[in-house]
Each structure stands twice: as structure tokens, then as C-alpha cells.
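Order as written gives the chain letters A, B and C; numbering starts at 1 within each chain.
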Amino acid sequence: MEHTLAALAAFLGGELKGPPSLVIRGINSLDRATSQEIAFVAHKRYLAKAEASRAAALIVSPEWAHLPRPLIIVPQPYLAYARLAALFAPAPPRRVGVSPQAFLGQGVQVGREVAVAPLAFVGDRVRLGDRVTIGPGCVLADDVVIGPDTLLHPNVTVLERCQIGARCLIHSGVVIGSDGYGFVPTPEGHVKIPQLGAVVIEDDVEIGANCTIDRGALEETRLGRGAKLDNLVHLAHNVSVGEHSLLVAQVGVAGSTRLGKRVVLGGQAGVVGHIELGDGVQVAAQAGVVSSVPPGQVVAGSPAIPHKEALRVAGHLRKLPELAQRVKELERKLAELTRLLAKE
Amino acid sequence: MEHTLAALAAFLGGELKGPPSLVIRGINSLDRATSQEIAFVAHKRYLAKAEASRAAALIVSPEWAHLPRPLIIVPQPYLAYARLAALFAPAPPRRVGVSPQAFLGQGVQVGREVAVAPLAFVGDRVRLGDRVTIGPGCVLADDVVIGPDTLLHPNVTVLERCQIGARCLIHSGVVIGSDGYGFVPTPEGHVKIPQLGAVVIEDDVEIGANCTIDRGALEETRLGRGAKLDNLVHLAHNVSVGEHSLLVAQVGVAGSTRLGKRVVLGGQAGVVGHIELGDGVQVAAQAGVVSSVPPGQVVAGSPAIPHKEALRVAGHLRKLPELAQRVKELERKLAELTRLLAKE
Amino acid sequence: MEHTLAALAAFLGGELKGPPSLVIRGINSLDRATSQEIAFVAHKRYLAKAEASRAAALIVSPEWAHLPRPLIIVPQPYLAYARLAALFAPAPPRRVGVSPQAFLGQGVQVGREVAVAPLAFVGDRVRLGDRVTIGPGCVLADDVVIGPDTLLHPNVTVLERCQIGARCLIHSGVVIGSDGYGFVPTPEGHVKIPQLGAVVIEDDVEIGANCTIDRGALEETRLGRGAKLDNLVHLAHNVSVGEHSLLVAQVGVAGSTRLGKRVVLGGQAGVVGHIELGDGVQVAAQAGVVSSVPPGQVVAGSPAIPHKEALRVAGHLRKLPELAQRVKELERKLAELTRLLAKE
């Protein structure tokens, strides 16, 4: 695939500085770009690399418009990079049609230009929207619904009655609709509470490899539009994730907790059940959130407290041995003073 | 499926208050129940919702027997809910028989009414008990044994020689019998210790999605009867989990550690290897247990200490900046006092 | 399988003490070894067990050469155990050839004595080295390369263009080459940054069950020769793991971080992105590493600090309630003293 520099500038809505007919065959990092590839400068700390780069052209913000190189000048080079990378990305391999080596249940509805790979399993009454891609090894249980343009990478499991919206991207090993973890303790053992709800995933959601999303007990577990989950994230039954929230790798959210819109959970953070995190809440990596958090607040630590307070506590914590030493010294001095005064 | 209120009361062994012939078609939450569904009141904080609910009838404990609604009165409404949910739950889809699109090795023993789905792999000499269900995409390696009435959801992997008891429920993506993590360091690299043991899972165990249970090095990794694992739990080689223990999501237990009966490990907790947690031990979420814990003790924190102590420490920790300020003030005052006295 | 004691001594390069023709049929723990099996003594705390063991013979270090049993004396009994276990281990089940029930894409290159199991998927232009084993349910996407003698257990997923070296061992449920987690936030939602790099896994690497290794954004994610990953480990895009590093279960490493050679990350530890851990760095379990660590350093805690300091801080932390009490007492005494002096 190749594009002229002028075509790329037009695609990005950016300002062209340099030979319009220059041919660009790919995008790469400043270090690795060849003389046929374009690279981008997202921060001034990369300027030295930019000067040393062999790239054919650079995408820069207006402040670096003076660089003596073929340039495309845009307000947000990082966003431009994302868009150009999509342009140059190899088209995902899609073999349109339902493979004869897939298993197709009864009453399946298949949209236009759907690709169901060999060794995929599609249960009864499943509905696949237009241009859906189902990778090899995927299992869609009965009554699953997948919206148009959604891509399931290989070995994804979607259990009975779960629904996935349009333009979603589900990575390999993800399990959607496993039973929520609910038991009633009795002297004879734990009695299972059947999990009768489902999982509803709205449009434009991305779910990282080997995540597990449990179905609701009676109601639904829900991921809002545009939410993005990294790998190995666990969502328990009845959890609700707000639109455009970001859950970084290995996060766990316990049952019935509600995350607002644009919430960010850092890697390995945990959130207890039955609480609410308001819109825009940010949780630091490895934090343990044990109570509801009002909108916009940033929290850290385990148990989590406001981030600034957590930083202050952490700073003092590291000096705790010294503080203990100072207290010991105070005790010594005070005892000495008291002894002296007693003598007088 | 439908049942009369009288039939449900009889099924639950509860007291009926209301029209015996009232037809109930399902169970739901107080919020969502329709006029054909029954709901339950598990706690007084849900009384307002109960009053506002459109449910046809309610399951309540004796203290709410006065509610002016059709009722079934039972000692434990939550347990009654679990039992009714099982009654109303859609029967899991089972296509009895071994699918011609499954792979069946040599010498496989298949019990009565077994269901092996398309695209499942069953290795040589595997033994499947009566009414076992093997989902699509499951792989049972050679010499695996699965007890009667056990259900493997899609895409479960059970490696060579591992054994699963009766009435177990294994969720998608689970791996049973992966190699334990054992190496001997040498100057040339780490020499692998072959893992020759297996995994033995007793009856009535449930294992959540994408858990990993390693096989023993020489002996067995064992899950006791009635143990329940949430999603993404990791059990290392030679671990032993006692009967009716509960391991919440993303817990990790290192090699050779023994958990007693009815142990509870909170979400994301970690337990080091070669220690013992006594019967009834409870570990708080995100705790890090680094030494053996006597029976019945509750621990929290990383490194874990008794829970009450951990709470006290956490309370003081948050006030640490203030404590440091008080020490500073003490130092100032003591210095001033000392100076004053020196002048005298 | 059986070997004489003399043959085993020769295999291990150890000193034989006892009947050369004694027949040994397996290796087991001291507790479980039968009179036809050999066991090993790795530490003096196992001496009592050794004396009580029914084992036919023992592998010991020179200091226990006086034990009145048939012995093989070696400098490192634990290493000898690893080697003998490999000798006695049942050969992994390999059905050489490409199963007619596997899916094979176009232009696949298959080495000698390759075993591709039923229900495995091998995409276009995949290259499989000699003696490669691909388990049932594995998916190798287009252009994947697998080096000689590498074993993929069942249900492994390797995405487009990823490469695995020679003699690697990949456990079930592993996902290699899922997209890195990269988005550009905009008012309309998060714009995905296409992940164009791949994953390169060098020789002799072992990856535990259900690990996830993301592909690089533009460059590669790389695991160095001899690295060993336990289960459920997450490596983000562009991470680089040095040779012979050990990553224990449930570790997470964020994007672009570089681990040196022989780094050890304890279970559930997390490492932030864009930092460097020098050769030989050791990170304690559950630690959270937030800045680069120089070679050879041992760190612990979250945020991580040098291990010795962390121990000291943890010790003082547990005594914090007592310290607060002592400060209160100091305040009381000082106030009393001040009052007394004011009266004089």
C-alpha cells in the first residue's frame, strides 16, 4: 500500500510542507522508520530522535513546523498517528462466508458478508449482524446476538443469551456470560444461586485477551458504549461499566458495582461490590476501592483514599522509621529533663 | 414454565399466604418482576422496593408476614430464592450423544446420557460418567476422568490424567493440569522440573472462568469437596484446598500451600507457598499472606496480620501526616523548654 | 520404564553406593516412593522422612553419604531430581502428522515429524519447525512461525505474524499477539491506535496457562531466551523481557517497560510502563514498581522501595498504633511539665 504525502496530508486534514508527490509506504517509530515510511513526533523529548530519524517525512504539531524535513503539520500528532496506522494496517484476514468446517446450529441468522471461521461453533438461534467476523475456535452459545462489524478474535466464548453491540473488538480467550459467583452458605455446603441474567455489551467496546465477564444473577451485567478493557480484567455479576470507561489490565470489579462514564481503573486495581464510582473517577494502579467515590475524584492505595492524601501518607510512611527514632529521642530528652528538674 | 403459588410454597416447605392457584411464571428482582413473577425480600433495606414492586408474590421471612401481598413465608428467603431460581432456570442446552463433529480417541468410556458437543476433543482412555456434558471447544487429554453429572462449559482444557468428581461445574477457559512452575537455576539457564503429578477435583466443586490449576510436581494438586472458585484464580502445584472453601476472583495460591476447610480468600489475595491456613480462616481482599494462619483467624493487609490489628494500623496510617506534625511540634516545644531552662 | 541404579548413577554423573543392578521404575517424593522408586533429599530438614521412606534408593549430596541406604551421591540432588524426572516422565502424547480434522491454510510449511492435533487451526503461510507439536484447539493465525521442538498445549492462540523460537513450551489458554492497549482520547470517545507490531519469543521460553502477551504498537514485544512465565501473567505492548527472567503468577508489566536479564518478579507484582529494571533485579510478590530499578537491586512494597527498607517500614508500620500512643503520652507529659514550670 502506498500514498503520496499530499494524499496523507489531505486524509489527516493537516498542512503539507514538502514534496506533495513523495511516496509513503508505511508508518513506523522514529527509530525504525525507513526512507519510505512516515513517523511522528508526539513530544519534544523525541526531537533528537526526530532529527536522527531516516523517516521520509514527519507528522508534527505546529510548534515544530520549522523542522527541515518533509512534514505534515496537525494539532494532535498522536491522533494523526492512530489514524494513519489504521490506514496502513494490514486488513484483518477475513474469509467471507460460513466455513463448512464451522458448526452452525438451527435457526441462525447470518447478516451480509459475515465471516465464520473453520472450527467455530455457532449455537441455535444466534444472530450475526452484517460483516461480523467470528474467529476459529470461538463458541457462541444459543441465542447470542452479535452486532454489525464486530470482530471476535480466535477462541472467544460467548455464553447463552449474551449480546454484543456493533463495531466491538473481542480479543482471544475472553469469556462472556460465565456464571456470577453466588452461593447461599448452609451447614451442608454452599447452595448455588442460578445466574439467570445475561451480559449486554454496547457498541464500540473493546475487551482484552482472557477477560471474564460474568452474567447477571437476575438482571444484566452491562458494558457501556465505547468502554475499553485491557487484558485479564474480571467483571462480576450485575456490574455496570459506564460509557468510555477504561479498565487497565488485571482489574477486578465485584458484584453489582456501578462505574460511571469515563471512569479509569489502573492496572491490578480492585473494587468491592455494591458501590458506585461517579463519572470521571480515576483509580490508581493496585488500589483497593472499598466505598463509593464521588464524581471526578482520584483515589489511590488499599484501602483507597484521595490520591493527594495517599501520596502524602506514602511519603510519611517511608520516613516512619526515622519518625520512630525521633519519638524515641524525644522520650529520652524529656525523661532527662524531668530527671534534672526533679533533682533541682 | 409455570407453577401455582401453592406448588411453590410446598416446594420450598414455606407457609402460603394468598391465593393458592395464583400462577407464577418466573422469579425476578423486586425492581423488574412482572405481575406474573415472584420476587424475594432478603433484608429490611429492600422493604420500600418490596412495597413498590409489581411482583405477583413475595418470598419473605416471618418478620414480614404482615405485608399485604401474596406471600410465601420461609426462614431464609435468600436460600428460597436460590432454590426457586434453579426451578425456573432454563435447562442447560444438552444435545445427548457424542457429536460426530467431536474428536473421540481410543478406548474412551462413555456413561449414559452423556453429551459431547461438536468440536470437543476427547483423548485416549478418557472416562466420562453418566450425564456428563462436554461443551464445544473443550479438550480432555488422555486418561482424564470426569464424574457423573459434571458440566464443562465451552473451551475448558483438562490435561493428561487429571480427575474431576461428580456434579462439578467448570466454566469456560479453565485450564486444569498445566505444569507447575518449577525450575532449578543453573549458570546456563533454568532447568525444568518435569511435573509428574496430576490434579484431583472432588465432588460438587465449581471453578470460575479462566482459572488455572497446575498439576503437582510429584504428588497431586487437590480441590476438596464443595470448594467454589471465582474467575481467574491461580492454584500452583501441590496446593490443597479444603472442603467448602471459597476463593474469590483473581486469588493466587503458591505451591504446596494447604488451605483448611471453609477457608475464604477475598478477591486478589495472594498466599505464599509451603504454608497452612487452618479451617475457617478468612483472608481479606488484596491481602498477602506470608505465614501460616491458625484456624478461625481473620487476616488482612500485605503482609497480612490479624484483621482487627490491620484495621487499627490502617486508621493510624491515614493520620500519619498529622502524627508527624505532632512530633515536630513536640520537638519544637521541648527545644524551647530546654532553652528556657538553660537560661535560668 | 526401568533403569538399574548403576545406569541412573552414570546418567547423573553421580557416585553409586549400593547394588548396581537394583531396578528402579520411577521417581517419587520421600513420602510416596515405593520400594521400586528412587527419591531425593534436597535439604537436611527432610532427613527424618528419608530415614522413614520406603524408597529403593536415595539421591543425596555428599554430606549424607553415610546414610545406610542405596544411594546416588551428587553435588546438587535437586538438579538430579529434575533430570531423573525428565527421564521417567511419560512421553507427551504426540500423534505425528497433520490430523485430517485440523484446518490447514494455504502455503503452510511443515517440518519433519510435526504433530498437528485434530481441531487445531493453522493459518496461511504458517511455518512449523521440525518436531513441533500443536495441541487440539490451538489457533495459529496467518504468518505465524514456530521453531523446532516447540510444544503448544491445547487451546493456545498465536495471532498474526508472531514468532516463537525453538524448544518453547506454551501452556493452554495462552494468547500471544493480542492488541496492545492504546487509545487516543477524544471528546467523542477513545480512538484506537492500531497495533502493527508483533511478538517475538526466543528459544527455550516457557509460558504458563492463560498468560496474555500483547503485540507491539509499531515495534515488537519480546521475550528473551530462557525466560519462564508462570500462569496468568500479562505483558503489555512493546515490553521486553531479558534472558532467563522469571515472572511468577499473575504479574503484570505495562507498556514499553524493559526487564533486564535474570530479573525475578514475584507473584501478583505490577510494573508501570516505560521504565527499566536492570539485570538481576528482584521484585517481591504484590509489589508495585513505579520507577526504574538499577541492576541487582531487590525491591518490595507498593510503591516499591528497596527491600530492606520495606521490611523496616513494615516493622514500624505494625507498631504505628503504639507509636501514636507514645506520642500522645509525650504530649501529656510535656504539657504537664510545662504547666509545672509555669507555676514555679
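Please note the rule applied: a residue touches a chain if its C-beta (ideal position, glycine included) is under 8 Å from a C-beta of that chain, and two chains touch if they have at least 3 such contacts.
It should be emphasised that the depicted structure is a prediction, and the values quoted were computed from it without experimental measurement.
Although chain B and chain C carry the same sequence, what matters here is overlap: shared residue numbers make up under half of all numbers found at their interface. Superposition angle, chain A onto chain B, using Cα atoms only: 120 degrees, a multiple of 5 between 0 and 180. Inter-chain spacing, taken between the CA centroids of chain B and chain C, is 25 Å. Shown for chain A are the residues in touch with two or more other chains, namely 119, 137, 155, 173, 210, 232, 250, 268, 302, 317, 320, 323, 327, 330, 334, 337, 341. Only residues 27-29, 31-32, 76, 78-79, 81-83, 85-86, 88-90, 93, 101, 117-119, 135-137, 153-155, 169, 171-173, 204, 206, 208-210, 225-226, 228, 230-232, 243-244, 246, 248-250, 267-268, 285-286, 302, 314, 317-318, 320-321, 323-324, 327, 330-331, 334, 337-338, 341 of chain B touch chain A when the two sit together in their complex. Residue ranges on chain A touching chain B, taken from their complex, read 103, 119, 121, 123-124, 137, 139, 141-142, 155, 157, 159-160, 173, 175, 178-179, 181-184, 186, 189-194, 196, 210, 212, 214, 217-219, 232, 234, 236, 250, 252, 254, 268, 270, 272, 288, 302-303, 305, 309, 312-313, 316-317, 319-320, 323, 326-327, 330, 333-334, 337, 340-341.
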